[in-house]
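Below are structures written as structure tokens.
Note that subunit A is present in both complexes that follow, paired respectively with subunit B and with subunit C.
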Partner chain A sequence: MSVLDLPSPKQEEWRWADMAALQSAADAAPHATGVDPKSLFLDMPGPRLLFVDGAFEPAHSVPGRVKVERIASSGDHPLGRLAEGEGWALKLASEQAEETVQIAHLGTGGESHVPARIAMDEDAVASVVETYAGAGWANRLTHISLAKGARLMRSVRLLQAEGFVSLRDEAEIGEAASLVSIFLGMGGMGSRIDGALTLTGKGAFAEMGGALLTRGEQKQECAVAVRHQNVDGTSRQLWRAVAAGQSTASLAARVEVARDAQKTDGEQSLRGLLLKRTATVNLKPELEIFADDVKCAHGATVGELDKRALFYLESRGIPEARATALLTHAFVADALGRIGDAAVREAFAADAEAWLEAAL
Partner chain B sequence: MLNITNLHATVADKPILKGLSLTVNAGEVHAIMGPNGAGKSTLGYVLGGRSGYEVTEGSVTFDGADLLELAPHERAAAGLFLGFQYPVEIPGISNVQFLREALNSQRRARGEAPLSGAEFLKIARAQADALGMDMEMLKRPVNVGFSGGEKKRNEMVQMGIIAPKFAVLDETDSGLDIDALRTVGDGINRIMRGADKAVLLITHYQRLLDYVRPDFVHVLSDGRITRSGGPELALALEAEGYGAVAA
Partner chain C sequence: MATKNAEALAAANKKYEWGFSSDIEQEFAPKGLSEDTVRFISAKKNEPEWMLEWRLKAYRLWLTMTPPDWAKLDVPPIDYQDAYYYAEPKAKPRLGSLDEVDPEILRVYEKLGIPIEEQKVLAGVEGSRKVAVDAVFDSVSVATTFRAELESAGVIFRSISEAIREYPDLVRKYLGKVVPQHDNYFAALNCAVFSDGTFVYVPEGVRCPMELSTYFRINAENTGQFERTLIVADKGSYVSYLEGCTAPMRDENQLHAAVVELVALDDAEIKYSTVQNWYPGDENGKGGIYNFVTKRALCSGKNSKVSWTQVETGSAITWKYPSCVLSGENSVGEFYSVAVTNNRQQADTGTKMIHLGKGSRSTIVSKGISAGRSNNTYRGLVRVGPTAEGVRNFTQCDSLLLGDRCGAHTVPYIEVRNPSAQIEHEATTSKISEDQLFYAMQRGLDQEAAVALIVNGFAKEVLQQLPMEFAVEAQKLLGISLEGSVG
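Then we have the complex of A and B:
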């Protein structure tokens, strides 16, 4: 694609986006990444699908109920609309439950665009874990629709050593349905995690959050909008950013409450931690409320590690670097703690721990 | 065990300690008393190695080694324990994780094998029981949601688990009711009384000294020790006030 087609930082929603990094990832020639595809899957039962440079790899996959099929372009998101063609679809009938579905994306360079559809009928339950590794520009559009009482837990790891990952989620959450999407952005790549969650049914629950860990001159960002369109909805956006070196992590989170969405309970917590004063964390919390009977809590803070806590740990015998790692891990722990499945949660926590050991 | 000679220290360029000298031998319990602002807590932080507390003159040796040359975690591994006046709350790290990490860091620094989870829990449970702290509290984040008294009790549990050679306890009695004071006093005696151990109790009031009988009492005033004596000095201070006794 040409530079002209990319969003411009002059547009408010894209002001922190690193489109230069995206372009250079797209232009990167394919090369061996040394990543073993097997290492991208957690040791858990359930369907597994591997995509290499956007193409399905049956040899490393056990798709089970997940279908690989052509999916037409949809929506008008500037990056998301590019994701069309072969993708994956998980469709669950009423009361069907799916074990953990694992989707791994391995890139070697260049650009890849993969669409995905998750459609769950009444009271269906599923857990999906996605892992991104390798290089190049991985661009994905995931469309999620949850019928009454359906529950989806999504856990997404961005582990690409280089390149760029752009994710666009579009979700409609029906009556008493629940969507929880937790992201861990910690590879060396640039990223843009972009979400639009709409609570269409009464008493729906939507959560999108996670942790962005940046170092070097890397830039990662999330831009999430949650729209409450019906009564009694609950939403949570809990994001943590840890920035080292000269890196930048940006969190933009928005809650929109429509006039009829009374009794909405929204909570937004954006917190940044600077490991070096040369790093940058941008936070942009936004609330747009048209209903009058709502509860929307929000908080946004950026700071350094608590020096008193650091000394407390050191005074008990823990070396400074380890004490810093422990406190930083604790800082992101509540965001990753939202992952419902203990094995997945522990795997993500171990990834974050490894990042801290390397970055500090 | 601890030798402090002509110690001068500043905080934000303001002189706080102004020529403090003190020797604590193995087997001894010393109490340092003094009015607010005398430099009691500064002494604790300087011994612990907190950044921002700058030593401008003098020396401190611990078992013959230059204490001031050591990083805070190295001082801990050498056997120094600092009990905090205001223990810090650390969300996201459990007491158990924190203390196992601390103890094993110290053990590794001393060339000893780290303890397994089960070995550690056995020690932690014994110390929690001895100090009347519910083991469930040790599974919670460090000091988060603890009352003032629970935080001080937790400091003693930590001291019991770490089993240091030398403890500097900064206002460990503040925030304790009379029953907790007795428990904490008993804990100090149990953990730290021994021929190869020593304690420096920093306190504002005499009441903890009813439970932990000091061998020596010192009055700290304006950054220096102005008077030293036996336990009777603490009683005189309590009766007559710092102004009359320390002058």
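Then we have the complex of A and C:
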């Protein structure tokens, strides 16, 4: 991996990207992180897989139906295509349901590339929770294909204390199938969450959203494109960014509606909250529409906490720091509330809460 | 301005209404672009040495640059060596009356719809209407009117080449200060080879006694036009500037790379209105003007204000982002835009509001209308600097789709580095509903009139920002541009 192969901020899609942080994470020598692998799994039944620096770790894993296998490189995404070799694959047959699959990635330094495949047949149902911790540059490509009526709930949390996480999702969503991917970006690393979701079937549903919490000198960003190719599709992109310190949080979300994708219902909501004078929030809610009978709305706001709401809470005897934390938590909860499984949702909310306590 | 004459109305057979060309002897610079071309243009205009150096520096920068590729445009490769960079009508002695004006030019004015009174004014006869017209005929100003009246108010209204000779210090102080030579590929090209344009200086405390206007015409085959406009509003002054554009029908693509720079000092206000109706190419996308324009305003003074209003109906390809750098405290930037694309037209247009001053405010209202097989993109940036407290921005971009072969795109960038900013962005995409059409038609309108009515309603917020005469022309233009797009 050479810096020459990385995308440059001169490219429009990468103008807010922090490739220098990625490079320095990739160059970092492996070191002990003190993270207990057990702590990366939620106390829930179902398969568990641990990858340490990109290598499968059977000692802490119960793969169940999930296969660990070689997966060839695919796609032309500048980072995603680097992910090849040993990865994990979840294949579900028609009407099969899977308990919560937990995948944990622990890095100690250097770079690791892991591909993943999720292929679900008609009416299959699954939930996948991914956790990233440690250090180094973790680069992942996840390919998802959902057949008619399949439903996948994906929850991803980035808790790396340092380093960089780059995720690339590529999904094809068939007729009446549903994909919901929710991300929580926190910890101390830089990140780039990249997604291309394509609604290929009639009446498909796609959602990609989440919360990016940044502090210090961190830079986190998401760049998601949802492509409607068939009629009656629905998509939701609900992102929240909270920036403290001198950090930067960037949200770029795009809805593309193809000529034939009539009756599309697309919604984007990008909101940024600046906790510090020195922080930056960048937003880019983009629409690209070629069909004339569609409903596409996007909203974008940036600002600080509502002074009146703060005053109200303080007038009820709540100290300022606590009031700020409460309101910020509510702001973030919007995005995390989309996680379907209550136990997962609560775990993510607790992580966000801990971040807020530390940041405020 | 420009009420359409009967002849033009009769010619509304979906052909370009102002698609005519006139033969006026040209003095061309040799084809192609090199340092010699730049020297030729500079020498031709009797420019001082510093100006030539400035142009050459821009040319050398241009050689190192590449055309921008981030816009949602499909631009065919342009051979910059296969174009003329300078053409001017043959020099004539100064004219005393209308009869002495070249009849060719008079005929062009007539087709442009310039009222006879204004034509007289152009020829130096005292006119009844108080609109000053600096006609850019091809590349050189043919006539500048109302000069005396403007001069008594202290307003300098000159072609830029005259201004370079007569007010070198003033021009030198501001030229390239808002759009520097290295700003972008097309701006650098303009800096190197700009042929003519307009210079306006409104002194301190003066409210310009009339609206200033320039007709731009692209006239000679294969002549790129590189206009340069510089408007400086000194403290407490006000000026309203109208820019109207028509171009003759041609099969070959013509390149237009203009640069407009506005400077507003303390408490000054500039209102800049554009109606752009260059040849958009035919139904199959053949021909048409490439319009790559850099327009930027610097609100450097306290409480200064710049308002851009544009109605874009022409050009095969539009690449245009009139912007405001709001560095003055409590400065205000406004952008009102209607962009219509039909057939194979492509427009990527919008604005940038760079908030650097405390309490600066901006409003963006953009209406995009796409029909036929066209693509219409709003691309905008709102940036709030770390020291800009209390910034307020409101953005609304609405798109209207006529037909299912066209595209409407919205690409807003928001970059905020100060928490006290309040930034709002709203956008909608819609089509003309069957109900609206049915209602209008059952009141006796035919389909095209009904569509024109609804489209004008959609664009009303922007059209009402235009000066009265422009608004009338713009309304008609919207209707004409969309002819044949429905039904």
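Just so we're on the same page, the second predicted complex is superposed on the first by the 360 of 360 C-alpha atoms of A that agree within 3 Å, B and C clash if a C-alpha of one lies under 4 Å from a C-alpha of the other, contacts with A are read in each partner's own complex, and residues count from 1 in each chain.
The criterion applied here is as follows: contacts are C-beta pairs under 8 Å (C-beta built on N, C-alpha and C of every residue); 3 or more make two chains touch, one makes a residue touch a chain.
Please read these numbers as outputs of a predicted model, since none were measured by experiment.
In the three-chain model built by superposing on subunit A, subunit B and subunit C fit together without any clash. Centred on subunit A, the angle reaching out to subunit B and subunit C in the chain A superposition, using CA centres, is 80 degrees in steps of 10.
By the touch criterion defined above, A:P319 lies against subunit B but remains apart from subunit C after alignment on the C-alpha atoms of chain A.
Of the two partner chains placed by the overlay, neither subunit B nor subunit C lies in contact with A:D36. When the two structures are aligned on the shared chain, A:T301 is found in touch with subunit C, with no touch to subunit B. Comparing subunit C and subunit B on the residues of subunit A they touch gives the larger count to C. Contact with neither subunit B nor subunit C is seen for A:D27 once the two complexes are overlaid on the shared chain.
Contacts of A:D293 after superposition: subunit C is touched, whereas subunit B is not reached. In the superposed pair of complexes, A:R259 makes contact with subunit C only, with no contact to subunit B. Legend: residue contacts after superposition of the two complexes on their common chain; A:T278 is shown touching subunit C, with no touch to subunit B. Here subunit B and subunit C sit at a least CA-CA distance of 14 Å once the structures share a frame through chain A.
Subunit C makes touch with subunit A in their complex at residues 70, 72, 386, 399, 401-429, 431. Across the complex, subunit B is touched by residues 306-309, 311-320, 322-323, 326-327, 329-331, 333-334 of subunit A.
Residue ranges of subunit A in contact with subunit C, taken from their complex: 12, 259, 262, 272, 274-294, 296-304.
Across the complex, subunit B meets subunit A through its residues 48-51, 71-73, 75-77, 82, 84, 87-93, 98-99, 101-103, 105-106, 109, 158, 162.
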